[in-house]
Amino acid sequence: MKISARNSLPGTVKHIQKGATTAHVTIDVNGLTVTASITNESVEELGLREGSKVKAVIKSSDVMIAVD
Amino acid sequence: MKISARNSLPGTVKHIQKGATTAHVTIDVNGLTVTASITNESVEELGLREGSKVKAVIKSSDVMIAVD
Amino acid sequence: MKISARNSLPGTVKHIQKGATTAHVTIDVNGLTVTASITNESVEELGLREGSKVKAVIKSSDVMIAVD
Amino acid sequence: MKISARNSLPGTVKHIQKGATTAHVTIDVNGLTVTASITNESVEELGLREGSKVKAVIKSSDVMIAVD
Amino acid sequence: MKISARNSLPGTVKHIQKGATTAHVTIDVNGLTVTASITNESVEELGLREGSKVKAVIKSSDVMIAVD
Amino acid sequence: MKISARNSLPGTVKHIQKGATTAHVTIDVNGLTVTASITNESVEELGLREGSKVKAVIKSSDVMIAVD
């Protein structure tokens, strides 16, 4: 499956913290930590574990740019 | 300024492509290419050029996870 | 590829209208019209044409609910 | 009230699952299931029940397109 | 129509700048300027003009918080 | 730090309601109430309390416009 989101960053799941309905998943992407908030169902359906190989998928319109 | 968005990835601007109102900016983040769509005004106000040191700021709820 | 976005609605591309950097794509989903704004590059890379079989992918946090 | 979001899909609430602050609501839209994540307050204020007639409102910039 | 988005801020359109497919609309909200990017079609369908009375509608998950 | 998001509205934190992973923060912005949903970690890291001076940061593409 190819998707229109411009960013598809390969990485490895480091940690999964589940809430009542939403889970926070941290991913190691080339040495950087990226955090995703997804539903608990998605964690189950995607079979995510620590060490899972994943892609962090992000639309370009959801990426902001900051300068110091 | 500190912001609630969980992801603030340091990188360098590689290319800026302007449209009528929206610009596509590609950023090198630790060897990966991240694309942002921001307004032309933002490009001017942030003084973005190729080589600018920036942060790619992304809310955790805007990061999806995909598995092959 | 499986993705954490909860909504993946099968449909057929009806029309593609390109702007300077952003394209508006209308999709027939079970008789309803769904409109997506994606980058022109995505239209090319996904090889979208009128009649293309696609999925409209939407995060659950991006779906609002309205009542009359 | 008319809104700038391009997608306003009529449907019927099938199920509501509440978390600590966020609720997942599944909606039958022309035979397809659409999932929304909204706040528990919104569920109350909109008076949502199973069987409620609603609209799933989605901005075009929040709709991605995927192809197999 | 009532909508699940938690923020519905009343204001007046100050300026409309159209691009190829996307328009930038600035709104005076209680003395503050809020900028929206919506499609050109939405500007037409909502009949927006300078001076139009509108609501700026924003999901709570789209509001970030920053501190100096 | 300057950021590409077009809206940066100064205000004061009125109330913080924490869930399992997500917190709802209401902010007084020029007499209007704006609600943000951010992670509990962000509340801690930003040191948010009732009375904190903050900015509500919102991308222009996340602002919809409604008319009655």
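By letter and in written order, the chains are A, B, C, D, E and F; residue numbering begins at 1 in each of them.
Assume a residue touches a chain if its C-beta (ideal position, glycine included) is under 8 Å from a C-beta of that chain, and two chains touch if they have at least 3 such contacts.
Note that the structure is a prediction, hence the values are computed from the model and not measured.
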Length of the shortest touching-chain route, subunit B through to subunit E: 1
Distance from subunit E to subunit D - Cα centre to Cα centre, in angstrom: 21
Rounded Å distance, subunit D centre to subunit F centre (Cα mean): 23
Multi-partner residues of subunit D (at least 2 other chains): 1-6, 19-22, 24, 36-39, 41-42, 46, 55, 57, 59-61, 64-68
Which chain pairs touch, all of them: A-B, A-C, A-D, A-F, B-C, B-E, B-F, C-D, C-E, D-E, D-F, E-F
Touch list for subunit E against partner subunit C, complex: 1-5, 19-22, 39, 41, 59, 61
Residues of subunit F defined as touching subunit D within the complex: 17-24, 37, 61, 64-68
Subunit F - residues contacting subunit E, complex: 3, 5-9, 24-25, 27, 29-32, 34-38, 42, 46-48, 52-68
Sites on subunit B touched by subunit F in the complex: 1-4, 6, 36-39, 41-42, 45-46, 55, 57, 60-61
